[in-house]
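Here come two complexes built around subunit A, the first alongside subunit B, the second alongside subunit C.
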Partner chain A sequence: MSTEPGRMRLSPEEHARLRRRARLRREVSGWAFLGPMFACFVLFLVVPVLGTAWWSTRFGGLIGGTRFVGLDNFTRLPSLVGAPQAIWNTVVFAGASVPLILAGALGIALLLARLERGGAIYRFLVYFPVLVPGVVAALIWLFLTNSDFGLFNEILRAFGLPPVTWFATDTALGVLVALDVWRNVGYWAMFFVAAIIGLPGELYQAAKLDGASAFARFLYLTLPMLRRIIFFAVVVSTIWAFQVFDTAIVLTRGGPAGATTTVVYRVWQYVFGSSNKVGYASAISLVMIVAILALTLLQMRLLRSRRGAD
Partner chain B sequence: MAVIAESSAVGGRQDLKRLAVDHARIRTRQRRLRELARHLALGLITFVLVAPFYYVFLASLKDSHAIFQYPPELVPWPPFWGNYANVLSHTNFLRWMFNTLFVATTVTVLKVFLDSMAGYALAKIDFTGRRAVFLLMLILLMVPGGALIVPLWSLFNSLGLIDTYFALILPPLANPLGAILMRQFILGLPRDLENAARLDGLNEFQIYWRIVLPLIKPGLVVLAVILFTDQFMSFIWPLIATTSDNLIVLTVGVASLRAHGGVDYGLWSASAVMSLVPIAVLFFILQRQFLARSLAGALKQ
Partner chain C sequence: MNRRLNRDICTLAEAHIAGRLSRRSFVTRLLGLGLSATAVASIAAEFRPAHAASNLKGNVRFLVGPWSPQEVDIHKKIAEGFSALHPDVTFEFRLYDWDTDDQEINTSAAAGAHDIYMITESAYPDYEANDAFVDLTSRINDPAFAEEKAKYLYFDRTLGFGPRLMGLPISFHVECALFVNMDMVKAAGFDETFADTWDSFRNCLTKMSKPGEVYPIALGVQPYGEWYQVLRAAGGSFLTPDLSAANVNRPEVIDATERMASLFKDKLATPLGTYNYDDGPAAFAGGKVAILSIDLAATTVVKLPLPFNWKLIPNPPQAAGRMNFNDITYYMINAKSPNPDLMWEVAKWWTTGEHDAYWADNSGTYPARVDALTHGYGTKAAPQLAEALPSYQKFSVGLEKFPGWASVEELTRAEVQKCFSGDVSVKEALANVESIVKQETGH
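Let's look at the complex of A and B:
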């Protein structure tokens, strides 16, 4: 009867057996391919995340043993010397650097995307600071902020202005923000250029015919269409800003008076600068991990729901 | 009358034509002016972004007296090479550089294989737990290494691997970004190819090795660039994982020049310039792949 002779020859048992075998083969090959990477992922990422939670309930040092103290580390966190300051510094840092980076990047991207020719050289130069390791960037900035021969004060001097002490308590964090803008603006500029070039050109033609000004086209066309992209950039660059450490340790050494001591810096100090604060370090780390997980989930959620909408 | 009307009509047509030509000329001029303004703005921005490099390069060519001179020499002549000689003779710089390049290369090579295999499994093989694993990777994608130093240190310490190359190479392998990217790339491949390959009797590994890998080569290069630069720049874990001068990587070594030893602007400037050489060379060769580094982030999930 059947036009598929191959199917006819299989008894139901045989069919089921073959399906089981194919399924088994899929399971085995799937885990074989995933296995090596997944083992590293679990061992060096999942386990340490859980480990941070475990350590956050301990009091003591990395060497010399710890004891269980429940949630004491978290309740003591607000009154701990330096901990609220570190969190505050990090939040201020992120709050200042993220808008500056993204606004600057968007501006550069708009210029680059409209350029008729000669974009390659600008892209190369704008992106170059992105490739500088934070430590090296901090060394370079020592030469900009030095009060005797730093570039910033030389420029001020050329205009007849008094020199500035760049590493005072109220300016040092600003210097770190400026460094971060310098180092990251190129990354997001390239990101935005790709997005802008991908926008449909007909809409702009139509808007132009209707007499919309360049600014109106930006405000009512470009920005709304880039909303998801910008949201992604805000979340990711905020998460990156939370992690600032290497520039702070080399350029300002956390100072003066803890003015540039960030969360990761404080964690590092608790672990390696004292013998019994590993629990505090883990408690702050966990707060940061939870904040970042919340941001990640928020983003996944919004990206998914928007995709469902359009 | 007819003649006059005709001539005026012709004149009108010529006027119109001239008007159109003028209009076009004005528009071209406006376009050129705008283009010029864009070039000026971008030129200014790139100048500001690049000036710090030039300034530190200048400083590296000055001795300890010339650096304090005002106004600063914009072209120090004759250049003073002593700072570079100092970096090479007074520090372990070349060893640090070797360590960085060795670790970064090893991590990159290992990870390109691990990630492309994992990406293949996540994209093409239907096994139990696939969705859960992928979701877990997405969720933990952004967890920063700086928050994991306590458990990682104690793990490696209990394994007796602190202050070895293993401590530098193993933890970066956990990063799920590569597997997620590779999954994305492999999902974009047409299904027919692997079906044809399967009918030809190729097994999963042969399909991955002979069909998939060659097809996603551009993606592999971008991944390699991402991994290599991330590794080149990594700092906090190497700072904690290694202590002996023969094992520390470039970023840790350069930071130690600032942390220990006195104020030595010559040493700092020359080591900063030398640190940038490898990545600058690589960027020059692989410009497009580097710029795609940003775009990889734009991949929708």
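Let's look at the complex of A and C:
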């Protein structure tokens, strides 16, 4: 380093060294900030996925030894008794709950966005079921649906109607869907409210002046402008729906007659219920990861291509 | 250590007494082994009064099933006596859920999270086949334990699963009994013989039916073992006795299952899903259901005495070919427990005649000790249990002796229920059950 009075001058080598050091410091501090998250990502996501891949090639259980069986666990999956029913239940559940949740959330959000007074109270009430843990929500619904003293049957009796067995083979999955909608509609409604409030008001004023009806404004203004958030909601809520488990185990234990046995419930049965079927469970899990990934990519492709066409 | 020394000394002593070893050789070998000093201590330990054996210390973590709402309190009561003798031993009790017991036990055992486990017979073959729990064979067969061993029931049955003894039995439990409201049976014009034939049983159900008010029978409330004993009563089983092939899809089993399914079809049984284990006993106690199929621990769920005459009978009801599925429950010691000697002492304490009687009396089950009756069993339990015991023992049948039985039983329940709900025919359901058996056992 050479100096002159009142001025400091760096040689090119020192300049380069200091630049390198500054870059290194930036890199290190960046990784230091990222580190905890990255460590959690590796520890709780990458390692379990790799572990699942390893287990999927083994025969054995959590206790006792295991042996390598190659791809046997995958090739046997299609012949598992009950597998088609578990897949069907999961698809029906997702197919019913995702549209209901998103349509309900959008409807509630449109109403909430119009409120000028008391909006906070209504938003809290709508969001409240989200705060209830899945197991507690399931217990609440057990009381609501009890055959003898449940609220739903009491209402039916009050109208002179016969009581319903809510957890019968043909109704149990519907109850699970209803519970899922009840729990999640408020969550997505909050997303949609925030998005709707942020929409440019002048567009709506212009549309009104042009004589557009409320439905036309919703169809040609609100929906297109909410497309990004709707796209996000569709993808995430579909992934969640495919993972339904906690309410199924508390409400119905997968029954009756397997009517609410979902894919994840089946995975759980094999991991912990059997002494040597962790390989099956891991193989199912990997297939499910791939299926969800493929479905997500498909959704992204469809929704993005439509956005591009706008 | 004391136990090993004691065994060595006993071996030498027996050889000396039998004349195979002279006194001089006996003493020489004893000294040669360096046992002379410790021998006295070892032998003395055997005669030391229990209250003085306070060298035990450590924390004992129990993982047990909830047989009654007071389960933990019952264990705390048993622990009080042990703690009085061994103040340095502390206890922790955690309950598992019956629907997830295998899952919780497996993960806990793998992680070494608990020391002593309450394990039912359905899981026993799996644990006999691996090393998750301590092999107690040498301890149970130790001559010093012989007198106590003779007081335990069911060791012979346990040995049917393999040569190793992995636990100390605590109960004989009937998994699927029929709780019968005898007032309703009599009101329908039948007496205590109503269940001796299928036709009589069915006629009684038909006459007890009051649509919208009373269901004659609730099935599937606690489905564990419910259809399995129908299978066994009809001469079938998951595997043939030599465990070489599936043994489900037989004409007699199809007939028996058809009969069971007809109760649902003809609306004599509550639709599947109407009641679960928590509200089924309440429905029976409240007179909503005349006959309830459930395990005997349900006697701890309802508030006794019930406001009507009731009794327990085996299920399936007809006298011919009647079978009663039951299982034994054990205490086992985690192989990862840091102090197996302490756990063995604790397990023995928990299964003495006195403590087994106390626990079983409060749990709606039968003790597994011959001396339980003299220690107060029957003072709290519903008298119907004692009355029904002879028939349950007479028609007793346990699970089949192959690993994975429990997972086969669990998977088959859903398939059988599908024919009860009319989703598939009985033949299709049983074909699926047979496929599950083959898929899970490889036969």
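Here is the rule we go by: the second predicted complex is superposed on the first by the 281 of 310 C-alpha atoms of A that agree within 3 Å, B and C clash if a C-alpha of one lies under 4 Å from a C-alpha of the other, contacts with A are read in each partner's own complex, and residues count from 1 in each chain.
Note that a contact is a pair of C-beta atoms (placed from the backbone, for glycine too) under 8 Å apart; a residue touches a chain by one contact, two chains touch by 3 or more.
Quick caveat: nothing in here was measured; it's all calculated off a predicted structure.
A.B. asks: Go through the superposed model and pick first if A:277 touches only subunit B, second if only subunit C, both, or neither.
C.D. replies: second
A.B. asks: Output check: A:10 vs subunit B and subunit C. Expected answer is one of first, second, both, neither. What do you get?
C.D. replies: neither
A.B. asks: In the superposed arrangement, does A:298 touch subunit B (first), subunit C (second), both or neither?
C.D. replies: In the superposed model, A:298 contacts neither subunit B nor subunit C.
A.B. asks: Using the touch definition from the top, say if A:206 reaches subunit B (first), subunit C (second), both or neither.
C.D. replies: A:206 contacts neither subunit B nor subunit C.
A.B. asks: State whether A:261 touches subunit B only (first), subunit C only (second), both chains, or neither.
C.D. replies: The second partner, subunit C, only.
A.B. asks: What is the contact status of A:249 with respect to subunit B (first) and subunit C (second): first, second, both, or neither?
C.D. replies: Both partners.
A.B. asks: Using the touch criterion from the header, give the chain among subunit B and subunit C with more contacted residues in subunit A.
C.D. replies: Of subunit B and subunit C, more residues of subunit A lie in contact with B.
A.B. asks: Tell me the contact category for A:62 with respect to subunit B and subunit C: first, second, both or neither.
C.D. replies: Both subunit B and subunit C are touched by A:62.
A.B. asks: Could you tell me if A:148 is touching subunit B, subunit C, both of them or neither one (first, second, both, neither)?
C.D. replies: Both partners, subunit B and subunit C.
A.B. asks: Where does A:223 make contact in the superposed view: on subunit B (first), on subunit C (second), on both, or on neither?
C.D. replies: Neither partner.
A.B. asks: Determine where on subunit A the residues touched by subunit B overlap those touched by subunit C, and list them.
C.D. replies: 62, 146, 148, 249, 253, 268, 271-272.
A.B. asks: Under the touch definition given earlier, write down the residues of subunit B that touch subunit A in their complex.
C.D. replies: Residue positions touching the partner: 34-35, 38-39, 41-43, 45-46, 49-53, 55-56, 59, 67-72, 114-115, 117-118, 120-122, 125-128, 130, 133, 136-144, 146-155, 157, 170-171, 173-176, 179, 204-205, 208, 229, 232-233, 235-236, 240, 250-252, 254-255, 258-259, 265, 268-269, 271-272, 275-276, 279-280, 283, 287, 290-291, 293-295, 297-298, 300-301.
A.B. asks: Under the definition above, what is the set of subunit C residues touching subunit A in their complex?
C.D. replies: My answer: residues 99-100, 102-104, 106-107, 109-110, 123, 126, 129-132, 212, 220, 223, 270-276, 279, 282-283, 286, 288, 403-404, 406-407, 410-411, 413-415, 417-418, 420-421, 423, 432, 435-436, 439-440.
A.B. asks: Please output the residues of subunit A touching subunit B within their complex, sorted ascending.
C.D. replies: Touch residues, subunit A against subunit B: 26-27, 29-34, 36-38, 40-41, 43-52, 54-55, 62, 108, 111-112, 114-116, 118, 120-129, 131-136, 138-144, 146, 148-149, 151, 154, 157-158, 182, 185-188, 190-191, 194-195, 229, 232, 236, 239, 242-243, 245-246, 249-250, 253, 264, 267-268, 271-272, 278, 281-282, 285-286, 288-289, 292-293, 295-297, 300, 303, 307.
A.B. asks: What residues of subunit A sit close enough to touch subunit C in their complex?
C.D. replies: 61-65, 76, 79-82, 146-148, 162, 165-172, 249, 252-259, 261, 268-269, 271-277
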